[in-house]
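Reviewing the structure listed below.
A, B, C, D and E label the chains in the order they appear, each numbered from 1.
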Amino acid sequence: QRAAPTVLAAASMQEAMNDAADAWARAGHARPVLASAASSALARQIEAGAPADLFVSADAEWMDALQRRNLLAPGSRAIVARGRLVVVAPPGTASLNGKRGASLARVLGAGPLAMADPASVPAGRYGQQALTRMGAWDAVAPRVVRAENVRAALALVERGAAPYGIVYATDARASTRVRVVGAFPPNSHAPIVYPLARLARSRNPSAESFRRYLLSSTGQAILARRGFLTR
Amino acid sequence: MSDLAGIVRLTLLVGGTATLACLPVAFLLAWVLARWRFPGKVVLDAIVHLPLVVPPVVTGWVLLLAFAPAGPVGGVLERWFGVSVLFRWTGATIAAAVMALPLMVRAMRLSIEAVDRRLEQAARTLGASRWRAYATVTLPLALPGVFAGAVLGFARSIGEFGATITFVSNVPGETQTLPLAIYAALQQPGGEQQVWRLAAISVSLSLVALVVSEALVRRAGRGTHVL
Amino acid sequence: MSDLAGIVRLTLLVGGTATLACLPVAFLLAWVLARWRFPGKVVLDAIVHLPLVVPPVVTGWVLLLAFAPAGPVGGVLERWFGVSVLFRWTGATIAAAVMALPLMVRAMRLSIEAVDRRLEQAARTLGASRWRAYATVTLPLALPGVFAGAVLGFARSIGEFGATITFVSNVPGETQTLPLAIYAALQQPGGEQQVWRLAAISVSLSLVALVVSEALVRRAGRGTHVL
Amino acid sequence: MSFDVDLTLRDGRVSARFDVPGGVTILFAPSGAGKTSVLDAIAGLLTPERGHVRVDGRTLFDSAARVNLPPERRRAGYVFQDARLFPHRRVRANLLYGARDDSGLAEVADLLGIRHLLARWPRTLSGGEAKRVAIGRALLSRPDFLLLDEPLASLDAARRDDAMRAIASVRDATGLPTLLVTHDRAEAERLGDRIVELAGCDDGAPGEI
Amino acid sequence: MSFDVDLTLRDGRVSARFDVPGGVTILFAPSGAGKTSVLDAIAGLLTPERGHVRVDGRTLFDSAARVNLPPERRRAGYVFQDARLFPHRRVRANLLYGARDDSGLAEVADLLGIRHLLARWPRTLSGGEAKRVAIGRALLSRPDFLLLDEPLASLDAARRDDAMRAIASVRDATGLPTLLVTHDRAEAERLGDRIVELAGCDDGAPGEI
C-alpha cells in the first residue's frame, strides 16, 4: 500500500470529498488525508509551499492564480463538479419565477438580502453577476449583507434575519427551514465550477490515481449524491 | 471595500463603544467574583468565560439566534422599540463587547483580589459604607487592572472577526471593521498589499491604546505599591 | 469528521501542550515587563499583544509564511530536522500558543506588579540572589495570576479557530480540534445538532479547567493576602 | 457604663469581659493575648462567636438580640497597629477621608507635627510619620469613641507626648471614651484612668480577664 | 572600627557619619530623622548619593571606589520596622529562609517564645508575634552584623527582655556588631554599648550627627 496523498479541499466540498475518500479506502487504497479550509486559505498554503498533493477549489480564480505561478502539475487541472445558484426564502414565500429587473429588485430589495461577500467569495461574485445581468443589482446592492461564506448567508435566512438569500443549490437542498424560490439561469453568471488539480510539488503517485478516481464515473456519482452537478 | 478612513472610523466607533459599555459591567462582575461568596459562583464564572472558549463563530451564531427577529431578544427589540441590531454597527458592537468581556473581567478581578482588604476595613471604620469603600479604596487601587482590562478589551474588540461576521455579516460602512476588511482582502488573489496596509493600521491603533494605558496606569499608580 | 473522543483528545493535547509550552515564556515576559525598565519596552509590549489585535486569520497567515518550507523557520526545521508542522497537530499547537500568549502575559504581569517589592528586598537581605528572590518570593506570590493566565490561555487555546485553520487547515485526526469540528459541522446543512453537542463539550472542558484553577488558586493563596 | 464588653472570639481562644466608665481605659496584655482581636470585634471587623458590645449605652453587637451594626455605623475612631494609610491618597486626603470638612485639619496636623507632610504620598513616610497620620485620620473622623492599638509605638518621646496630648485634648473636649492598647506598664499607668488586663494566652490557651 | 559609615541620602535630606567599634550601637533620633533610611543604605536596599559603608573593615559601599555590593552579599541580619514576613510560607519556613540548615531553629524559637507558632501562617499572627518571627529569621540567616529597626516595639515587657536576651546571646556568642534603632532613651541606655544620635530633621531639614 502506498502512502496516502494529502488533499486540500474547499470547505464546501468537504463532505463530498469525505465520501469519496471513504469509497477509495474501501477499494483497498490508503485513505487520503483531507485538509479543508476556505479556498483562499488553502491556496495561500500552497503558495507558501505546503506539502500537499491535490487541490479542490471552490474558486476558479484562486486556481488561476496558482496556475500562473506554475504551482500546478501541467495538464492536471480539470473540473470536478459544477454548481447552481438559487434564491432561498422561508417556507411559504412565493416563487420568483419570471421576475426580472425592477420587479425582482423590488422583491429582493424589500429587506436585507443575504449572500456571500461578492468581493471575496465566489458564490457572492456569481450572485452579483447574475443580478447585474438581470438588471437588479444597482437597486439591490445597498441592501446586500455580505456573509463570510455561503453557509452563513443561508443561516441568516433560516433565522429570519433576512427574507431572501442567494446560495448554492447544494446548500439549499439539505435545509428544511428554507425553500428555493428561484434559480438563476446558468448563463446569467460565469460558470460555477470546482476545479481540481495536482500540485507541481506532489511526488506521491497515488495522488494521480485519486485524481482520476474523482473524475471517473464512480467518483462523479459520489459527488452527485451530495447535490453537485457533475461534468 | 469602502474607503480606508471610513473603516478606521467605524472600527474605533465599534471598539470604543464596546469597551466603554463593557467597563462597568466587567468591573461589577469582577468585584462580585473576587469578593463575594455565593453558591453558583463557578457557574457565573463559567458563563463569563464562555465567549473565550467557544469558537467565535459559535458565539456569533448564538448572538444571531438571540437577536434575530424571531429570537428572544431581537423579538422584544423589534416589537417594543422597532429597532434591529442586525447588519448594524450596534450589532457589531454587541459582538465585540461580548468577546471582550471575559478578558476585561479577568484582568480586573486579579487586581481587585490583590487589594489589601485591611484597607477596605480601615475605610469602613472611618464611616464609609461598603459601597463608598469600594468606590474610594478598592476601585482606585485596582485601577491598573481596570486599565489593563480596558486595553485588552479594546484590542480584542478591534480585532474581533468571527463572531461579528457570523452575527451581522460584512456590511461596508455599518459592520465592516478592520478585521472584516482584512479578511475580505485575504480572500482575493493578490490582496496581500491591502492586507498588510490594513494590518499595519490595526497594529498602530492598538499600539496607541497600549501606550496611553501604560501612561494612565503610571499616573494612577503614583502613590501605590506600598502600604 | 472523525470520532468525538478523538476530537476531544486532540483538543486537550493541543490546548494542554500550548499552555504548558507558553507558561515559562509568558512568565518571563511578564516579569520583564513588570519589573524591568529599558528602552523599547513598549515595543516588546506591543509585539506580545499583536496576536490579540490582529485578526486571527492574519496571524495564521503570518505563521504560515514563517513555517512553510520556504519560510525562515520552516526552512530550518525541514533542512535540519526533516520535520514540518503544516497539517500537523504540532502546527495547531503553535497557533494556539501564539494566540494564548498575550492573555497569559497580561494576567501574570498584573499579579507580579501586585507583589510587594519590600518582600523581595527582605529576601535579598537574607542572602537570596535576585533570581532566588524571584523564584521563592515573586513567583509564588504571583501564583494566582499564573493560574489565571494558564486558564485564560488554555481556554483560548481550546477555542482557537481562525489562526489554526488558516495555518494548518482542518485535518481530521491531526488539526481538527473542537472549534474546527464545530465550524465543519456549521458548514453542513442540518449540522446544528452536532454543533450544539460539540459546543457543549467545549464548554464543559473549560468549565473543568476553571474549577480546577480556582481550587489551585485557593490552595496556593492559603497563606497570602496579608503581609 | 461606657464600654460594656463581653466577648468570645477566635474559636474560644480569646475572650474578654469588662464594663468600665468613660475616660481612657488601658487594655494591657502580653503579645498574642487577643488585644487586637478585641478591638477588631468592637469596631465590627471581626464577628465574635457570642457576647455583646455596648458603648455609651448604644448596642453595637449582641449575639442574643441578633444586633450586629456594620463598621461604618459604629463610629469608632480606630488607630490600627499597622498604619493602614490609603496608598493612593496623599496625606491630606488620608486625614480627611472620614471628616465632614477640613475645619479641624490644621489643628490636628500641628498637634501631631505632620503639617509639612500634607502633600506627601504615604509611601514616602517614615514609620513614625505614618503612625501619626493614622492617629490624625481617626481623630478627624468625629468618632463616638476611640480604639487605639499601640498608638505610641515607633514614636519618639517628644512625639509620644504630642500624640498623647492630642488624644487627651480630644478626650477633654469631647469626653470620648477610649480603649488604648499598650505593652508598657509605666505608660499604661501614666495615661490610663484604669487598666483592664487580658490574661495571657501566648501559647494558645484561652485568655480571660 | 566595626561600623564605619559616612552617607548622604534622599537628595541630601538625610546624612549620617559615625565610626564605632563592635558591640551594640544604638541609633537614636526622632521620627523621620532618617534612621530607617540609613539602615536601608547599609543593607544595600537604598543607594546613597555618596559616601561609604564599611563593616568590620569590609567595604560594602563606596561611591568614590564605585563599590556597591548587592544586598545578598552584604550579609546583614536586618529586622525591618515592619515585619515583612513571607505571607506564602509558614512561620517555620520563614524562619529558615536564610538559614543553611535547621540546627539553630529550636533554640531561637524557644528564646523568642514562638515555638507554638511554627506551623502558623503569618497572616494569623498578632503584631508582636510577627515581630518575634522576623527577629528569629534574621538571627538564623547567620549574618555578619545586625540591623535592628525598633525590634522591641509592640513587644510586652517579658518578650522584650527575651528578645534582648536572644540578641545579646547572639552578640556574645558571635560578637556580631549591631546597629539598633529605638525611640526610647531609657532602653537605649540600658541596651547599648554606645549611642549615636542622628540630629532631627522632622521638618525636612537635613540631619547631621
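Here is the rule we use: contacts are C-beta pairs under 8 Å (C-beta built on N, C-alpha and C of every residue); 3 or more make two chains touch, one makes a residue touch a chain.
On a predicted model such as this, the values are computed, not experimentally measured, just so you know.
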#### Entry: Labels of chains that are neighbours to chain A and to chain E
C
## Note on the structure
At the largest C-alpha centroid distance from chain C we find chain D
#### Entry: Centroid comparison with chain E (C-alpha atoms), farthest chain
A
#### Entry: Chain centre separation in whole Å, for chain D relative to chain B (CA means)
44
### Summary
Whole-angstrom distance, CA centroid of chain A to CA centroid of chain D, is 78
### Message
Can you work out the whole-Å distance between the CA centroids of chain D and chain E?
### Response
28
### Distance from chain C to chain A - Cα centre to Cα centre, in angstrom
35
### Summary
Touching two or more other chains in chain D are residues 82
## Note on the structure
Each of the following residues of chain C touches two or more other chains, namely 57, 61, 118, 183, 186, 225-227
### Task
Quick one: which residues in chain A touch 2 or more of the other chains?
38, 44, 155
#### Entry: Chain-to-chain touches, reported pairwise for every pair that qualifies
A-B, A-C, B-C, B-D, C-E, D-E
## Note on the structure
Touching chain E in the complex, chain D uses residues 29-32, 34-36, 81-82, 113, 116, 125-129, 132, 149-150, 153-160, 183-185, 202-204
### Summary
Listed in rising order, chain B residues that touch chain A in their complex are 1, 61, 64-65, 68-71, 86-87, 165-166, 168-172, 183-190
### Task
In the complex, go through chain C and note every residue touching chain B.
42, 45-46, 49-50, 52-58, 61, 102-103, 106-107, 109-111, 113-114, 116-118, 144-145, 148, 152, 155-156, 158-162, 178-179, 182-183, 186, 195, 199, 202-203, 205-207, 210-211, 214, 225-227
#### Entry: Residues of chain A defined as touching chain B within the complex
38, 40, 43-44, 61-62, 64-65, 112, 114, 117, 119-121, 144-148, 152-153, 155-156, 159-161
## Note on the structure
chain C residues touching chain E in their complex are 118-119, 121-130, 136-137, 140-141, 143, 220, 222-227
